[in-house]
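Naming follows writing order (A, B, C and D), and every chain is counted from residue 1.
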Amino acid sequence: MILVMKRGVSESLIQNMVARVEEMGLKAHIITGTERTVIAAVGEERGKSKEKLESCEGVEKVLPILAPYKVASKETKPEPTVVRALDLAMGGGNVGIIAGPCSVESEEQIILAAKQVKEAGATGLRGGAFKPRTSPYSFQGLKELGLQFLAAAREETGLAVVTEVMTPEHVEMVANYADVLQIGARNMQNYHLLQAVGEVRKPVLLKRGASASMEEFLLAAEYILDQGNQEVVLCERGIRTFETHTRFTLPLASVAYLHERTHLPVVIDPSHGTGIASLVPSMSVAAVAAGADGLIIEVHPDPSKAMSDGAQTLTPEVFAATIAQCRRVADALGYELH
Amino acid sequence: MILVMKRGVSESLIQNMVARVEEMGLKAHIITGTERTVIAAVGEERGKSKEKLESCEGVEKVLPILAPYKVASKETKPEPTVVRALDLAMGGGNVGIIAGPCSVESEEQIILAAKQVKEAGATGLRGGAFKPRTSPYSFQGLKELGLQFLAAAREETGLAVVTEVMTPEHVEMVANYADVLQIGARNMQNYHLLQAVGEVRKPVLLKRGASASMEEFLLAAEYILDQGNQEVVLCERGIRTFETHTRFTLPLASVAYLHERTHLPVVIDPSHGTGIASLVPSMSVAAVAAGADGLIIEVHPDPSKAMSDGAQTLTPEVFAATIAQCRRVADALGYELH
Amino acid sequence: MILVMKRGVSESLIQNMVARVEEMGLKAHIITGTERTVIAAVGEERGKSKEKLESCEGVEKVLPILAPYKVASKETKPEPTVVRALDLAMGGGNVGIIAGPCSVESEEQIILAAKQVKEAGATGLRGGAFKPRTSPYSFQGLKELGLQFLAAAREETGLAVVTEVMTPEHVEMVANYADVLQIGARNMQNYHLLQAVGEVRKPVLLKRGASASMEEFLLAAEYILDQGNQEVVLCERGIRTFETHTRFTLPLASVAYLHERTHLPVVIDPSHGTGIASLVPSMSVAAVAAGADGLIIEVHPDPSKAMSDGAQTLTPEVFAATIAQCRRVADALGYELH
Amino acid sequence: MILVMKRGVSESLIQNMVARVEEMGLKAHIITGTERTVIAAVGEERGKSKEKLESCEGVEKVLPILAPYKVASKETKPEPTVVRALDLAMGGGNVGIIAGPCSVESEEQIILAAKQVKEAGATGLRGGAFKPRTSPYSFQGLKELGLQFLAAAREETGLAVVTEVMTPEHVEMVANYADVLQIGARNMQNYHLLQAVGEVRKPVLLKRGASASMEEFLLAAEYILDQGNQEVVLCERGIRTFETHTRFTLPLASVAYLHERTHLPVVIDPSHGTGIASLVPSMSVAAVAAGADGLIIEVHPDPSKAMSDGAQTLTPEVFAATIAQCRRVADALGYELH
């Protein structure tokens, strides 16, 4: 259920209602909109009296939440959520640009990459320190050292650091360095990890699993939201289909589909979504035109020497030209790119 | 092989080379570019002397065609093909807009729809007279009567008529009324039908099969080109994947992928590609941004009363707003919408 | 609707009811079971009086057909249909074995192959005379000459000839030579072709399209049945999925799924279903265990010299060993292999 | 590289070679076959001298491992691995039967289920205590209490307990109760979890991810093997495709495909693989015929009251009849079911 509170209701009345909801055995999530506050009351509702809540002081009305994802649902919060980290902003007309190499390889590499992508217009820096690799014999990342290099790059450039965390016991460590915690596609249904990042107060960028349905994707976000972390960014990075000419198939229709159902921002990853560098510019521009709230793009000072994902990585020059095109489209459609 | 002729070579020398190619047991396709003429010599090349041809008068050089699709390949013709029918133009920076109802239902309906989509900026009119339907018990179209109504709508509006032909024996009849012959997704590998439309001298819009690979798609086009019809438009209309929230998954990356491999124009069908009217505007704008050479969109004077595909059909008002957005993006990127 | 006639009702009463059904604007299909005759009355039923029909002489009861496929539905005919051609029998506990090369290459080749597969236990001979090929430049089959060679092979061995027809205008010619007409996967929704083979009185083996849903598959069969041809065999030959280690993914669950919904026999094609010869034996045995009503397997006297599909083709020796295994399983489960 | 040791070589010579391999910076896995011992030397091989190793005492020859999965590869160990837990045996002609409810619901329920499946012929008991659920609001399992009930059921019946572990920090606890640790499909690429179960000395049943390629599946097993745990069972449980009539598409061809590449046993899960109870018997029998080394089937004393997965769960009676059919097929083909 959603308890829509009256305008200008006091904090103590809100806390009062939270207590009553919890007494009923439900979990209460306070969602503060620009106009009003609502309380999402989530849990087994059978036998719970909607009427009793509706008659409480400060409550305007009580509505059911029909979607299986409760806190993520647009029913609970119709206005778009804007997620911010330093100068990076995603959602509500803000198109955030996150770029950088697949893996952090050295301090020099990540600082150079950071400067290059910032120069081209990015406000977020991506780079993997913990790398989920298909083979146990592949490079697994620089681990905490990589996180330190990312922090150094932020120091130099002011870019917000977006980096992956792979297992619950690393969440605290990664959160110490990162501005946005990334959950990779392979971990979209690693529920203990989702709960662990839900307990942190840093934004989470959640990648869609390669064969996840939209409902599974939103319910994965719900695992994070349910722990009290309201800053979740959904990232469409392509699905696995019979098509093999591209690494994955990137369904841009996800942007409009998700915008109809959730207030959370939706970011596109055209690098994994295609797997081919020459297709990334076209799909980046298309993503902005489709209404995406951000882009996350692989850029390396020299893609031919990248330790991972070189084939889908842009040079700084092509990245700059791509962002220039994106900016033209954003301007034409009234979005703000940054 | 491709025989690249010298600049300004005479027609008789070209015909001479065609004769020599045919003597060798190969098929000759003359492709006239803006700068030069090339002759694509297609067939079993083993034991054929490239050197002998290279030494002929008027021949500058002889190159192999590596792609399995020969005439469709960009190796054969690097510059983009522009396909035109009345005011409709697709390719080379021209973004053609084709719109109209799924099925022709009556003379009034199709004329009204034609006026409405023309008003909004379309130059092509779609509408099915022969309808491939999943069930034998569903409405199968008005058949020749529907073609007559389409011709009447062209008479009224000047729009180019794009309509489907389903079987070889109907090709002549449909070609009498239509400006562009459409091959539906289910018939993409109906090779006798492809050959039959290859013998006609009208443009063909070839829809990608729902599970066709890119190579199969281009080779289907090659069946048409191989019969001498050079005016083929490729239409990406979505593929079948595990995603069921949309009717099909629309991979806009196909545009850039195909542009790298073929000179043929690539048109997007966001109506079948999503199956949901509310997602069509976003995907139309994205398609233009991705570099598509055209859009084919289902529009009906009253979608709620459409005899087929109502759920994915735009109202004239939403269509007009969508085209206005597309125009803004086309202007920003230097494409010409018409 | 289904009109269930009383036991032992006279032919004239049946014809009488057919006439009444047709007067109501419905199509009547007489389905003669071992116990009773039913009349499937198909078409727009709104406003048609079930009660009036129920009160007619000879009618026991009138039932609705809920499935969208009417004549194919098990509601219409609960007992399994057995399709026979010479010694080949499929359905109702009969497991028919059809084998032979992908393409008819010469009279010697097809006669040798026929003798070899007969020796191993086959009762049907497959072999393509008209070949749907992805590329217009690939071998397209020996055409009518190939049909003549197939007829010669039948003359020698007594095997029933199963061969593909690709376009409506060839139906009569192919039906002159073949015992079973095959519709290929690419033509599963070539509705004019389905209607054309529906008018013939020879069994039709209908292959599932590579991305067809089960409902689309059954409705394609319905196009044939609706023309009056009751002898349709469904062939599961694999679907296109993200898996590329096999050519297609072969879902054997289709057998039980279809047996729950239709009385038509279900045959498995493990050759196309896997695309890899070494996987064919295991999947053939599994198909029999799953309850399949037949197998259609590619076998060539020398697969390494096959003009098409060599990689998925068995040698006669491996085929014989495979059939021996299948026979053991059929015996264990009470099916009759032949 | 694989170091094939001479027959009858002493333990100290083997340990000597392990030391030399490790000195070279490679990881050594000792694989003891029935005939010989081999040492798989895994890691970055560039610049490592194969010749030097080949000349060592006790070494017969040194071979490269071409597959990306080294320890899992049949090149490393051509004979099949048999994984055993109590009376449950999988591999090398042994077909292990694991059955039980989706979730452990109570002590009575799991003990009753255990007795019923044992009676029908099972040697392994499945049952989830930690349940990965799509929604955070669904029943998440009885957790450690569920593990205790499973242990009680083993006490009563002697069945080996197969149960899921979801996160690294639970591995020790689950291993205290379970005989086989199950890794669910959603966690197939949860690499920290794979490494954690690799450190335990209990068999691991690894489920294929719903969109994992075969290579990804084998490399996930390799993560476990690489930690020194040699007892890995691969479980094909269906892939996500466009087919929605079944919950997943179950590709039985995986059995033969994997048997060609790995020595690890391959088990089939027809319950998740179809999602429909009425299809499970047919697919169970087919799996045995296909050569599967085991089955894992959902059975509940009363499926209509199951807290999860009821639609795909067999009654004890149908399960018993299914196993009887499986036994007939196993007998016919020379496999031992237990």
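Throughout what follows, contacts are C-beta pairs under 8 Å (C-beta built on N, C-alpha and C of every residue); 3 or more make two chains touch, one makes a residue touch a chain.
These numbers were taken from a predicted model, which means no experiment stands behind them.
K.L.:
Going by the stated contact rule, which chains contact chain B and chain D alike?
P.N.:
Chains in contact with chain B as well as chain D: A, C.
K.L.:
Between A-B and A-C, which chain pair is linked by the larger number of C-beta contacts?
P.N.:
Between A-B and A-C, the larger count of C-beta pairs in contact belongs to A-B.
K.L.:
Counting only Cα atoms for the centres, state how far chain C is from chain D in Å.
P.N.:
One centre to the other, that is 38 Å.
K.L.:
In whole angstrom, what separates the CA-based centres of chain A and chain B?
P.N.:
Result: the chain centres lie 38 Å from each other.
K.L.:
Round to the nearest whole Å and give the separation of the Cα centres of chain A and chain C.
P.N.:
50
K.L.:
Residue numbers in chain A touching 2 or more other chains?
P.N.:
Residues 211, 215, 240-242, 244 of chain A each touch two or more of the other chains.
K.L.:
Spell out the residues on chain B that touch chain D in their complex, using ranges where they run on.
P.N.:
211, 240-242, 244
K.L.:
Over in the complex, which chain B residues touch chain A? Could you list them?
P.N.:
211, 213-215, 239, 241-246, 249-253, 255-257, 260, 273-274, 276, 278-279, 281-283, 285-291, 325, 328-329, 331-333
K.L.:
Hey, which residues of chain C end up touching chain B in the complex?
P.N.:
Spelled out, the residues of chain C in touch with chain B are 42-44, 68-70, 132-137, 166-169, 186-187, 189-193, 209-211, 215-216, 219, 222-223, 226, 240.
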